[in-house]
Structure formats: structure tokens, C-alpha cells
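Multiple structures follow.
There are two complexes below, and they share subunit A, which is joined by subunit B in the first and by subunit C in the second.
Then we have the complex of A and B:
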């Protein structure tokens, strides 16, 4: 297990390194002068030049690359261009909002997807199974920003049951949870379909397994056999799927944060790209990349711990 | 028998769901402004810098105005006038001297004592000081010095008459008064203000979520209309409109394209207000990029554009066609352009120029209004035999296209759809097209000595009638160059609750401290 964990950890470091190199190249290739965009029309050329120097943009590209790489590995992403606040502080201030959104999205997808998948598997071939199948494909096909806009129009504008914008009163957990309902639904709804399909397929396979047939032969109740013995095995692939799903949800979070005017890393990066605030772009993207790699590492280690075949095959 | 946390019966689940449903239905959802204590307004960007010398966008100016008052401020209403703010008395002694006396008893927070004339001197001279490198130093370009007479009064001395002083310098944050002692002790101020002194005090900033202003009980002037003002940064106007319709906002700007829809079908409890904007939208022609280096081709393009259709299509009939860069209500506003839509004349000019099968590019910002306008322009140009390719750019790229310091695309740039906003003085519109701005913000590379001289004259001429003549002539020169097709000043759409009485400048910008419950 230790060797397996070490290999996975090494791979994660390589992934983050490659992501950093790609990120630097992409930022370097984006057209537009950060100093002009940041300082606005009234800034003199001398002021713009001073900002370029402060951002290190006057250095040769290799020097910029080395500075970026070495600083990033030390966790030093520099300071925000105009306010001078440390980028890591800016990013960490926004990260909890995005994490809450993703946890909310996972709650929707797991809370609805697993029961629906189980139900469809148990009712295999029935009308209910077909309905779940159609609905699953439908919610997978609908982009999260469309869900966001319709959820907002229905539940916030027409019915006025839920708030439309913001993340809730700071320090007021109940208000923050209420503000989380619609954005997290927008982020998580597509994954309800994925998880329902995955759980159904796994359940069908497991329900045919000899130990399940044995349990039934012993006369154990159907519910106990399905949810205690079958589901605990059938749910394993879902853990892997969720690892990937978190990356997808991070992308969806950008739309949700813009549509619902929520704070968060997605909106931070979006704004920073538009204003060419490169230290914030790099800091936020690297923190979320590291988070995504970490989540997948944990998912791999959990799978490895639960299934020895995975460890031996790596 | 013991029950674990997860051992929940079906009845328990139903009870829980019922309780949640009731809680949801009972959740108080009302506009907070209804009780007259909290006003929730939208701003289009979050604050970044609160130092008046380095402010970046209008929403920061809105906050600075409330927490760091200037000597005067804009008066609400339909005319560009000013009213006393931190000053109890202001008088223009002669063309180059202004007397002021502060209100007695304006206190800085954080123990920095009473506001004095020396603080006025410090604040104004600081912005004007080249060593400070404030982008707003130009607002005080004519400053000689601020003379302190006593604790509360002083004189502002100018080197020469400065026409924009009362319209776009004194009422703006370029005249906000900071505490000398506080600034010298604490240095830089970005997002955490200190030594505040206005009718409101900023008490909280939750990045990208909310800025809270609380009424200042020590303010000796007219108290603010609400106990608290919550400013919510929402970049997307459509999101803000939905937030308003959902009851989460009391005041917001709307997208120009939404004005007509909202006018015809306003949200429940909402009032739609339309205000003339000072902004100006135009299509520029880069005079050094072939084939636009041919004056006949440029004139042909001026005649080819059906400006009315462009504006109607892009703004859904909500905006008017403009006659230049200076909006109605300001000195220098013209009645008509010199070269308007005449496709036959455009074809004649192209024939005279001996050109055919022309191909041009049109660079625009990737916004829906601009794209629609560009598509109509494309069709207009096709009608006279010119093929036009539309190139969409994100804001970060677009705003550096013609900047010589940002690359060499300025040489290829042909047609540009531009939009600038401005303060209520015509010099704010004309300054960007002077020869000094060629390759900086003058992307058309319009270079005219008479225009430059008139711009200088306009700054030092105080007589409104004379200024009117000067600025009209400047726009005629722009027209004659063939480098400009003036499109619109747009319109400012505003949504507010019927329980709120907003205080607005003539162009619809908010004066937050003047908002009151209706």
C-alpha cells in the first residue's frame, strides 16, 4: 500500500508541474497589456512601465518562467496588482465559497443519484427504470448555466422562495445555506444523472453476484440485501467518478458564481483574466489544480485501500 | 432498543421534509429597504482601491464620495450643478482664486481629530504632486497652491483659468479630503479606509460580496437617508436585473438592451428610470491603415453607415443617435453631423477613389450590443461594395489594440467600435483625440493641430458661449477628417423600488448618501 501511495503521490507532483508549465504558457500568450488594462486610461506611460516592472513583465521570458515556477513551489504567488494584498490571501478568502458550492453540488448528486440508481436497478426493465434512464440522460445533457438561469427564474424570481444573488449574510449559517440551494443545484444536477446511471449499472452487476444470491437464499430481507450488501460494493466506482466530477464541478462553479453573483474562485479567475491580473489568475488556478489533484489522489488511495486488485495492478 | 443517527424511519423523513418546507415558506423574504433602515444597491465592480488619488472605477468613487467628502458635490437632478458638501462656503474670487470655508465639526474617525483647511491643502496638493503619480493629477493641472488662512478656511490658487474645475474636478473624488496626519502616519490606503469623515462610514468589506456603509452620527451636515447601505458587486447587468426582480436589490443599473423591455413591463414594485448618458460610442477609422489612408474611402465609409439603424438594432430603440462626442446638455453639443448616411454618395466616392473589392476589419469588444451594431455596419458596408470582417475581442485584449506600447497591432487596426465614458465637461471627451494621445488612446491616429489648439483654448475659456463654439468646431474637424462615425450616447437604465427615492446625477449615476425612503 505504501509503494502504491508513493507512486500516486509522485504522479500528482508531475501533474501539478505540467499544469504550472501549461498555465505559464497560456498566460504568456494571452494578448493585452496588463498594466494598461489595470491602470485605466488616465495612467501615464511612466506609471504603466512602473507596474510592468513591479509585475516582472520587463524580464526575459525564461526569467519570468523561473521566477513563476520557483515562487509557486514555495507557495508564494506574489501580491495582487493594484491592492497589493497577498494573492494567497485573496484566493483563500474565496476558496471556501467555491468548496461550499461543490460540496452542495455533491450533496445533490449523491443524495438524488444514488437512490435513483438503486431504485432503477431494483425495478430493472420497469416503467420507473425507463423514466429514471430518460431523466438521467436529460439532466446530463443540460448545461449547468441553463439549469442556473431556469432555477433562478422559477424559484427566485417567479416563486420568490429562494434568494437570487449573493452568498448570504456573513456569519449566518442558515442564510448561507439558503443562498447555496440554487447554485449548488445548478452545479450538481448534471451529476445526478451520471451517478444514477453508474449506480444502476454497478448494482445490476452486483445483484447477480453469488454472495447476494446466497444472502437471498438465506431469506434475508430485500432491503437489507440491496442496501447493506449490494450497495456498499456497487458504490465503489462512484467514488472514482466523484473524483473526476469535482473537476467538472469546479468549471461549472464559474457559471454558477457569475449567474448567482456569488463570491468564489471561479468568479475571481474570470475577473482576473478580463483585467489581466495575472498573479491572481496563476494563484487561483494553481490552488484549484492542487485541490483537484489532491481530491483525486485521495479517491485513488481510498479505492486502493478498499480494493487490493487496484494496488497490485498499478 | 437503541437508534443510531442513520436509523431513520420513513415517518421521520416525512416529518423532516415537512418541517423544512414550513421553514422555507416562513423564511422572511422582503426588500430590506421597506423599513427604511437598509438600502441594497448594485455596483458593477468590487472595490480595489479607496485612495481617491488612485481610484479605478466609478463604484469606488461612489463609496469615496460618502466616506471622504469633498468641498462640494454634484447636486441631484437633471442639470449639472453642484452643492456644498464639506464646505460651508465656496466662492470664486477671480478666474484663478477660489475661497472655501469648511463646516465646523467634521470629525475624522480613528481619533484623527477635526477636518481642517490644512487637510484640504494636503489632499489637493497630494493629487497634483507629480511625485505621487496619481492618474488624476490632470484634474489639478492648473493648481498653483492651496493657501491656508485659518483652521477652517483657505484659498485655492490656480496658475490659469481652468474651465472643468467646477464640473469635473471639485465635485469628484479628486477633491476628497483626507486627514494629513492619518495619511502620514499610516501611508497607503487600499481597501481598509481610515480617518473617514463623511455622512457614511465604511464598516465592512466582504470581497466580491458586499461593502457596508453605516450612517455617521457625527456628520454635521444632512444625515444619510438610510441607516445602512449595502453595496453588492454584480458585474453582469442581467444577473442584477434578476436579483432586483427577486427582491434582493433596491437599486440597480440595467443593460441598455433591457430598457425597452423593462419600460413596457416593469417588475412588480419596481420603477424604471431612463437618464441620458454622457458616454459616447463611435466607429473610428485608422488613417494610416490602407485602404483607410485614402480620404475618399474614409468619407465613403462615413456615408455608408446608416447610423439610425445601427443604434436602433443594437439598443432596441432605447438610445438616440448622437451628433458627436459631446452629449446634450453640455457646451459644444451639435445639432447634426456633417456627413450622414448617403449610400449613393458613398458609391460615387469609392468610384472616384478608383477602388473596388475593398476588404476591411472591424474590431469590437465582445458584448452583445457591439456585435449587433457591428453586424449592421457590416451589412451597410456590403451594400456599397466593401467586405467587412468583424473581430471580437475580450476586454483585456480590446483596450490595448491601438496602444503602441502594447504591441504592433495598431498598424493593422482599421475600423474600431469604441465607447468612452466621461465627466460632465466637454474637455473630457475631446482630450482623448489630441495629437499627444496618438498611439495611446487616439487609435484612429487623428492628428490635427487646430484641434489641439482648440482643446487647449477650451480648458482656459470660462464663457459657456465661447466654449460652445470651440467644442462644436472641434467635432466638425473630427468629422472632416473622415475618421469618425458618431453613433450614440446610449442611455442609462435604472431600476429602483417604489419604496426608495433615489438621488441621481443627471446621467443616472447614484449619489448614495441622498437616497431616502419614499
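Then we have the complex of A and C:
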């Protein structure tokens, strides 16, 4: 298991490095001069030249890349253009809100998707199975910002059950959780459908496996066979799917944060793009990438923990 | 006294192309402490028979007639699922064909063996001790450590021995062995057969042994049931079947056994033709379309006849040794 974890970790470092290189290329190739953008149209040539030197833009491209790369690994993405605060500080301040949103989204999708998929597989061909099938496709088809707006209109505006905007009072956990319900539903609802369908399909496959017949032939209770013997295997593709799904959820989080006026990385990037605050965009994108890679690393480790065959193939 | 008595068992599957009569009037018994072999080519209904006994027929399969009497005359047909499950793994155990796929890949061998004992009322450590004892009995080296390992960490032969250990752990009255050696190579096959025979004597259970390997059947079994296209065509003790086969199908099957070839040949003998479509069974003898000895009389429905000392044949042309002399 340790060797498996070490290999996966090494691979993650490589992936983050490649992502950094790609990001550098994109920044480098974007038309326009960062110094003129930062200083605005009325700045003199001398001022722009001075800022270019300060930002290292007069150096050869390889030196620029090395500077970017080495400082990024240290967590230094430069300073925000407007306030001059370090970018990493700004991003890390917003990150917990987005993390809470993603974890909430996963809770919805896993909490509803796995039981529904399991239930549909066990009751294969029944009316319940068909209802789950239709609902799954329906929630997959609805974009998350539509869910966000309708959830807001129904539960916050019409019924007044839940608060409409904000992230709740800082330091008050209950209030923050209540504020999290609707935005996380918007982020996770589509994934209820994906996961239900995935779990149903892999459950049906596993339930046909010879070892399930063996388990039944030993008279093991149905619940033990379904949930321990079959679901443990059927869940594996879902863990991988969820690792990739986090990327999608991160992009849905942008909409949810804007619709519900929550702080968060998505909203930060959105505002930074509008104000051409490029160091913030770079920093936020890199932190998000690192988070995405980390989640996939965790997904791989979870699979390793669940499946001894994966563990020993490394 | 028989452990298992199957009486005119009929199983039908509903398919899109109409009902498929998979087992027709199957009757045989498995006496106490005896090993009964079932032999027949692929698709003859061996697996359907096991599933019917275990109550694990697919959703579209149904017992349409007959009885499956187990131990003290309990009819397994129509037994409610809870009562059936209470028998499975406790009184009737099964070893399946494919040792690679028959054990759960993500649960350790020890945990699987402990789970099987969930009805025993023993403590966890007593269950583990029992599991260790069984693994030692099937000669798994370092049994205690083996409990912590997963199926993929064992070789095919070891996995099959573990499956046998699991099946016999609860000391069942009947062990159903569904081609347990087919996936193993020849030397392992012999070792596994001997182990099975040895354990059967120790535990004193009966065995229903399914195989298409005639040599294994001859070596291991006391009695043999020959199946063809979902029917029992001939049954009797192992000597009657192997030395005096009376049904043309049994005769052809024995001729086709590669082990019986005495001369070098490029072409092994085969039985021309195929198993009939079970959705449209012939009215008469089910083997007649492939039988070289078939006559007009074979188009009439066949009944099973006792031609002496329990040797039963479903063929009008079969004659008893006494009749043959007359």
C-alpha cells in the first residue's frame, strides 16, 4: 500500500508540474502587455518599463518560466494588482467556502446517488427502476445554474424555508450549514444522476458474477451479499468517476457562488477576470488544479484501500 | 436412505422465442455417504439442475413439475426463500467450477470463511480457529496467514482447495461439486479429486459431482447419471455405466473419450449433429436424431426402464443382460 501511495503521489507532482507549464504558456501567449494592463491606459512608457523589469518580463522566456515555476512551488504567485496583498493569501481565504460547497455537493450526490442506484439494480426492471432511470437522465440534463436559480426561487423566495444569499455568519457552524444546503444541491444534483446510473450499471454486472452466486449458495443473508459482497466492488468505478466529477463541480461552483452571492474561489476568479486581475486568476487556477489533482490522488488511494487487487499490482 | 431424491423434475425457462423445457422428467437419488456423478456434454442441463436444487434458478426459470426431496423428505420445490437459505451453506454446500471467479475478490479469505459461519453462534476467534483448521485440512500452507490474504494471492489449485474448505466447513449432508476440477491442469485435478474423496469420507457427506470428464467420474463416483438434452438417459452404478452401457448416447460418449483411444489418430471420434432445440423437443427419444441405431419405434415417447439391479435406461432398444442371452 505504501509503495502504491508513493507512486500515485509522484505521478500527482508530475501532473501539477505539467499543468503549471501549460498555464505559463497560456499567460505568455495571451496578447497584451501585463504591465500596461496593470497600470492602465494613462501610464507613461517609463513607468511601464519599470514595472516590466520589476515583474521580470524583460528576462528571457526560460528565466521567466523558471521564476514562475520555482515561486509557484513555494506558493508565491505574486501580489494582487489592486490591494497588493499576496495572491496566495487571497485565494486561501476563499478556498474553504468552495471546499465546503464541493463537499456538500459530494454529500448530495453520493448520499442520494448510491442508494438510488443500488435500489434500482436490486429491483431491476421494476417501476421503481424505471422512475430512477428517468429521473437520473433528467437531473443530468439540467444545467447546475438552472438548478441554482430554481432552488433559490422555490425554497428561498416562495417557501422561505432556507436563506437565499450569503455563506452564513462566520463562526456559526449551524448557520453556515443552512446556507450551504441550496448551493450544494445546485452543485451536486446532476451528479446524483451520474452516480445512480453508474452504480446501477456496475451493480447489475457484479450481481451476475460467479462469486455472488457462491455467496448465495452459502446462504448468506441478502443484505450482506448486496451491500458487502457486491456494492464494495460496484462502488469502485464510481470513486473514479467522482474524482473526475470534482472538476465539473468546481466549474458549477462558479455559478452557485454567483447566484447565491457566496464567497469562494469561483467567484474570486470571476471577479478577477472582470477586473483583469491576472495574478489572482493564475493563483486561483493553480490552487484549483492542485486541489483537483489531490482529490484524484485521494480517489486512487480509496480504490487501493477498497480493492486488494489494485493494491498488489503496484 | 437417500440424502437427495429427485422425482420427475421439470424446469422451464420462459424466453422471447417461447418456453424452453430445460429439464424433462429428471429422476435420480443420491444415497447417504455416496458420490453420484452427473455426466453430459455442455448444455445438457447440469447447471440448471444444480440451480434448481439450490433454489437459485434465474428469474425466468421455473420448476414446472416434480419434487426435490432432501434429507427427511423435505420438498425443496416451492420451499419459501428463508427456509431455503437456511439449508444453503449449512446442509447443502456447493463448490463451483471457476476457482478464479468463485471467491469474492475484495474480501479476505478469513473474513469470507467467518461470514459463512454466521449461523454457528460461535465466537469470532472460534470461527477463525475453525477456518484455520479447514484450510489445514485442504493442505493450504501457513493457514493462519492465509486467512488474511485475498483470493488473487493464491494459485488456481489453492483457490479451489479453499473453495472446498469453505463448502465443507459446516459439515453439510450434501456437497454439490459443479465441475470443480475442469479449470485445473491434470496433476492438480488428480490431487483435488483425491482430496475431495478423502474429505467426503471424513465428514461422511454425500456428493453430487458434475463433470464432463469421464475419467474423473469413473475414478471418483459410486453411481453415475448420464444426462442428454435435459433428460436422464441412463443411470446406474459406475460399473454398469462404464462396462455395460446400454443407451446409445452413453456408448457414443464413452467411445468419444480421448483417454479410451488405443490407436494414434488425427481425428478424435465425435457424435455428429447437435443437441436438439429445447424449445421444440422431439416427441420421441431425444437422442434419436443423432442416433445411428434409431428405428421407427424411437419416434414414440420413451420411458425409463429398469433393466436389472438399478440400471435404468431410457431407450426402447436397451436390453438387460438376461434378455440378451435369451
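Here, the second predicted complex is superposed on the first by the 235 of 314 C-alpha atoms of A that agree within 3 Å, B and C clash if a C-alpha of one lies under 4 Å from a C-alpha of the other, contacts with A are read in each partner's own complex, and residues count from 1 in each chain.
By definition in this document, a residue touches a chain if its C-beta (ideal position, glycine included) is under 8 Å from a C-beta of that chain, and two chains touch if they have at least 3 such contacts.
Note that the coordinates shown come from a computational prediction; the quantities given were computed from them, not determined experimentally.
Once the two complexes are laid over each other on the shared chain, residue contacts for A:40 go to subunit B alone; subunit C is not touched. Of the two partner chains placed by superposition, A:134 touches none, neither subunit B nor subunit C.
Put simply, more of the residues of subunit A are touched by B, taking subunit B and subunit C as the two choices. Legend: residue contacts after superposition of the two complexes on their common chain; A:308 is shown touching subunit C, with no touch to subunit B.
Touch criterion not met for A:26: it reaches neither subunit B nor subunit C.
In the superposed model, A:84 lies in contact with subunit B only, and not with subunit C.
By the document's definition of touching, of the two partners only subunit B reaches A:48; subunit C does not. When the two structures are aligned on the shared chain, A:261 is found in touch with subunit B, with no touch to subunit C. By the touch criterion defined above, A:218 lies against subunit C but remains apart from subunit B after alignment on the C-alpha atoms of chain A. Considering their complex, residues 54, 56, 85-90, 93-94, 96, 98, 101-108, 115-116, 118-119, 150, 152-153, 163, 166 of subunit C touch subunit A. Across the complex, subunit A meets subunit C through its residues 209-211, 213-221, 224, 228-229, 232-233, 306-309, 312. Subunit A meets subunit B in the complex at residues 30-34, 36-37, 39-48, 50, 82-85, 90, 93-94, 152-153, 156-157, 160-167, 170, 178, 258-264, 267-268, 271, 273-276. Those residues of subunit B lying in contact with subunit A across their complex are 24-25, 27, 29, 48-49, 54, 56-57, 133, 135-136, 138, 188, 190-191, 204, 206-210, 232-236, 239-240, 242-243, 245-249, 394-400, 403, 405-407, 409, 420, 432, 440-441.
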